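Below are two complexes that have chain A in common, paired first with chain B and then with chain C.
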Partner chain A sequence: MNWVDWWATYSTLVLSVGVYGMMALSISLTLSCGLLALANAAFMGIGAYVSAIATTTFELPFYPALLLGTLGSTLVALLIGLPVLRLSGVYLAMATLGFGEVVRIILLNLDITGGPLGLNGIPLLTQWWQVLLALLSTVIVLQCLRVSRIGRAFEAIREDETAARLMGISTHPLKLLAFVMGASIAGLAGGLNAHYTFTLSPGNFGFENAVDILTMAVLGGIRGLPGPLLGGAIITLLPEVLRDLQEYRMAANGLILILVVLFLPQGLWDSQRFRGWFKRA
Partner chain B sequence: MPELLNLAGLTLEFGGVKALNQVSLNVHAGHIEGLIGPNGAGKTSLFNLITGLYRPNQGEILFKGDSLLGIPPQHIAQRGIARTFQNIRLFPEMTLIDNVMVAMHSHLSYRFMDVLLRSKPFRQAELQARERASALLDRVGLSQHSGSLAGTLSYGNQRKLEIARALAMQPQLLLLDEPVAGMNPTEKNDIQALIRSLRAEHLSVLLIEHDMRFVMELCDALTVLDFGRVIAQGSPQAIQENPAVIAAYLGEETPRAG
Partner chain C sequence: MATMLAQQLLNALSLGSIYALFALGFTLVFGILGVINLSHGGLFMLGAYAALFFLEAHWPAWIALPTAILVTGLIGLLIDLLILKRLRRQQAPHLMPMIATIGTTILMTSLAQGLFGAESRHFPLSFFDNASLTLGSLTLPYAQVVIILIAFGTMIVMGWLLKKTRLGIALQAIAESPRAAALLGIPVERLFHLTSFLAAILGGIAGILVGLSFNAISPFMGQPMLHKGIAAIILGGLGDMRGAVLGGLFLGFAEVLAVTYLSSEYRDAFSFGLLFLVLLWRPQGLFGATHVRSA
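On to the complex of A and B.
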């Protein structure tokens, strides 16, 4: 198989590895400050629909459309983050899942989103290098945050929120920052996603997708940026790699996840474990 | 001598049980004030009131003359009150140096854009913060562990790290909740010397401690709590001879029926 054929067959998969890498990073941002927020799939959906409507209905160029999608999910995150982030733990998870359902049902019932049929004939505008650039920018921004007072405060909030407050850290604005930034990344990923899949339907961004994205981050490990990237790639590629197993494919998929969670609770990429290997050597 | 902290008539109730009852005490600037009393006397509750975790049912808390009532904990901390915890509350999965640098959060004034651009103000502020954090770890004798995770430290060293972290906030008032609990005599002497050197730098300290020798040697003045009430206040010498204090600690002598 030559390069052109290979790309024709697998380009969607390769682009999805990049896009879902961004999604896993987006949820790892909220997880890194101890928030179990499961609205990332919905923010991805908002970004996808807004940018796809911009390029189809309003015939805008690609970049302004991507920008609109990103801004759209950012703005929605800001509005729902303000009240919702007063919750924590499973209550936050429930509220954000509920928000995800609201988004799905709105997408299902609006005319401009094409209702249950979704949007079709979205121009194929996403280039591989645009996905790569978006992914790299995300990694760089998050890495800058990690080594700043903001990243340290996120970690402190995750470990002991009360102690963090008593150290003079205003936790609420920081949580909102993590949530909104996560939504921006998800919105951009959604916009890129919409312009290589040709169609969008409301079901793409529902509960199942939200859980998949969480699984990517947990599987890869959230104690660093390589973890979510690795998790995103594995969850995206696994169904393809296991294609030979046919109907047992999803079962094998689940089994791998169970084994990882049982034996590697910090995820696949755990810098502490690597450091331990290095010390013993 | 100016007063840094005034507590006046503080009452704290938990569903009808008075954890604190009309407690008043002052911490003078540059003094080490001791808070002693049997278990359950309300000492830690008083710390939780001062740091804004609890709100009193009655009474007033003044810090540098301003009321702290209704101010959230993070803003009280930013005004210059730092504390440690009886049940150690470090960030166990973070390194020692990061634990200390977390407490510098509100002093690092660079902005979000500085972080993304790694601008000069950002790099300079981070460098200075790291140096200051190393110096603080050195001061409590933990510099050789600075890259380890806080959770791997021994109990005594965790208490030392909590003090270093509290000092990183550059407080004017330091609240220490049983700073030498579980420490060996050598470590206790180190902490005693450290607290003295902090007083020499005009930091005021309010400390809870059960080790009487430690308290008597170190404190300028003592307050004794029992069942949420102040039963005695004064110099260590006066407290040692106070009959109410002896009764609270040893139980009262029952007068024999003549």
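On to the complex of A and C.
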């Protein structure tokens, strides 16, 4: 198979690896701050719908549309983040899941989003290098964040929020920052996603998607940046690889999830484990 | 008009009692084990399919349905023994059991889909067909009466078990503090297994009742039910048994009345919008006491 054919067949898959890498990074950012927030799929949906409506209904060029999508999800995150982040642990998880359902149902019932049919005929505008650029920028920004004062503050909040507050870290604004940044990344990923899949439907951004994104981050490992990227790639490619299993394909997915949680709680990419392998005897 | 209202209230009662039953099992696991068991929706679906399996094997309903419920309970126990027990021993953060039980749900859904097909099925039971009691101008379908009786009967038995027996008191002690309970000589680990078993039984019964009520079961029925369960136990306060029952009933009434008098499209948005507001305003739930084990 030559390169052109290969790309025609697999371009969507390759672009999805990049986009879902961004999604896994986005949720790992909130997880790194100790927040079990499961609204990332909803933010991705907001970004996707806003930018797709911008390019189809309002015929805006691609870049302003992407920007609008990102801003849209950022703004929504800011609005719901203020009250919701007072919650923690499973309460936050439940509230964000509930928020995700509300977003899905709103997308399902509005006229401008095309209702249950979704949006069709979205122009194919996303180029591979744009996805790569977005992914690389995300990685660079997150890496800078991790080694900064803010990144260390996130870590402190995750380990012990009360202790972090006693150390003089203002936890609430920092948690909001992690939440909102995660939403911006998800919104951008959603905008990119909308413009290579041709169609959008509300079901793409529901509970299953939220769970998939969480799985990516946990499977890969959230201690570093390579983990979520690896997890995103695996979960995106797995259905293709397991195509022969047909309806039992998802069973393999579930089994992998269980085994990783039980036997590799730090995820596949655990730099500490790797260091252990190469330690001198 | 009054008849229509009465009929709707009856529908709401049967829907709400199923929600309440499901939510009771869901909140029981949270209250005792301190774990959000996201496979509860899967167990609910499994109960319905186990019943379908035994009924299609031409077992009489009075053997088939209890066997299906028992099988569901055993699968719930198995999940506890194989997965949750190990995570408890590792003292894993609460994210981990959530993800592992999502995994088991995906596994169960996929297996049900592979074995029974993705399309929706119905129980091969004829004695419910259109048979109904007539009370004045009100018609009571037998199926609905049976559902309400079974649901409330089960909840009353559970209530008695949890409030009046030594077992229930031991479980209450564990809910308060597993470590203190262990120091008092309560076999905590064994009661964790029992709780998982009981909760799965409640989930399985709810699944069978939904199958009877709508005469349709599908491999994907667990997910929407799980969402309702989450909403119900948050309305009632996480880990609060009485609250879960009230939350489930409330949700049933709210949904049926919202569909009747508002719009059907926003029914689910209504329950989740409510959930959202309750979490912000009273995270301990509408009916819950302020006591909350740190989650």
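Just so it is clear, the second predicted complex is superposed on the first by the 279 of 281 C-alpha atoms of A that agree within 3 Å, B and C clash if a C-alpha of one lies under 4 Å from a C-alpha of the other, contacts with A are read in each partner's own complex, and residues count from 1 in each chain.
By definition in this document, a residue touches a chain if its C-beta (ideal position, glycine included) is under 8 Å from a C-beta of that chain, and two chains touch if they have at least 3 such contacts.
Given the structure is predicted, the values throughout are model-derived calculations rather than measurements.
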Touched partner set for A:R165, first chain B, second chain C, both or neither: first
Which of chain B and chain C A:L268 touches, first, second, both or neither: neither
First (chain B), second (chain C), both or neither touched by A:R152: first
Chain A residues touched - chain C or chain B, whichever exceeds: C
Which of chain B and chain C A:L97 touches, first, second, both or neither: second
First, second, both or neither for A:L176, with chain B first and chain C second: neither
First (chain B), second (chain C), both or neither touched by A:V141: first
Those residues of chain A which chain B touches in one complex and chain C touches in the other: none
Interfacial residue positions of chain A with respect to chain B in the complex: 141, 144-145, 147-150, 152-153, 155-156, 159-160, 162-171, 272
Parts of chain C lying in touch with chain A, wherever the complex brings them together: 30, 36, 83, 86-87, 90, 92, 94-96, 98-100, 102-111, 113-114, 118, 223, 227, 230-231, 234, 238, 265-266, 268-269, 272-273, 275-276, 279-280, 283, 294-295
Parts of chain A lying in touch with chain C, wherever the complex brings them together: 31, 36, 83-84, 86-87, 89-91, 93-95, 97-99, 101-102, 105-106, 108-109, 207-208, 211, 214-215, 218, 246-251, 253-258, 261-262, 265
In the complex with chain A, residue positions of chain B that touch it: 51, 53, 72-75, 77-78, 82-83, 85, 89-94, 98, 101-106, 108, 110, 112, 115-116, 118, 122, 126, 129, 149, 165, 169
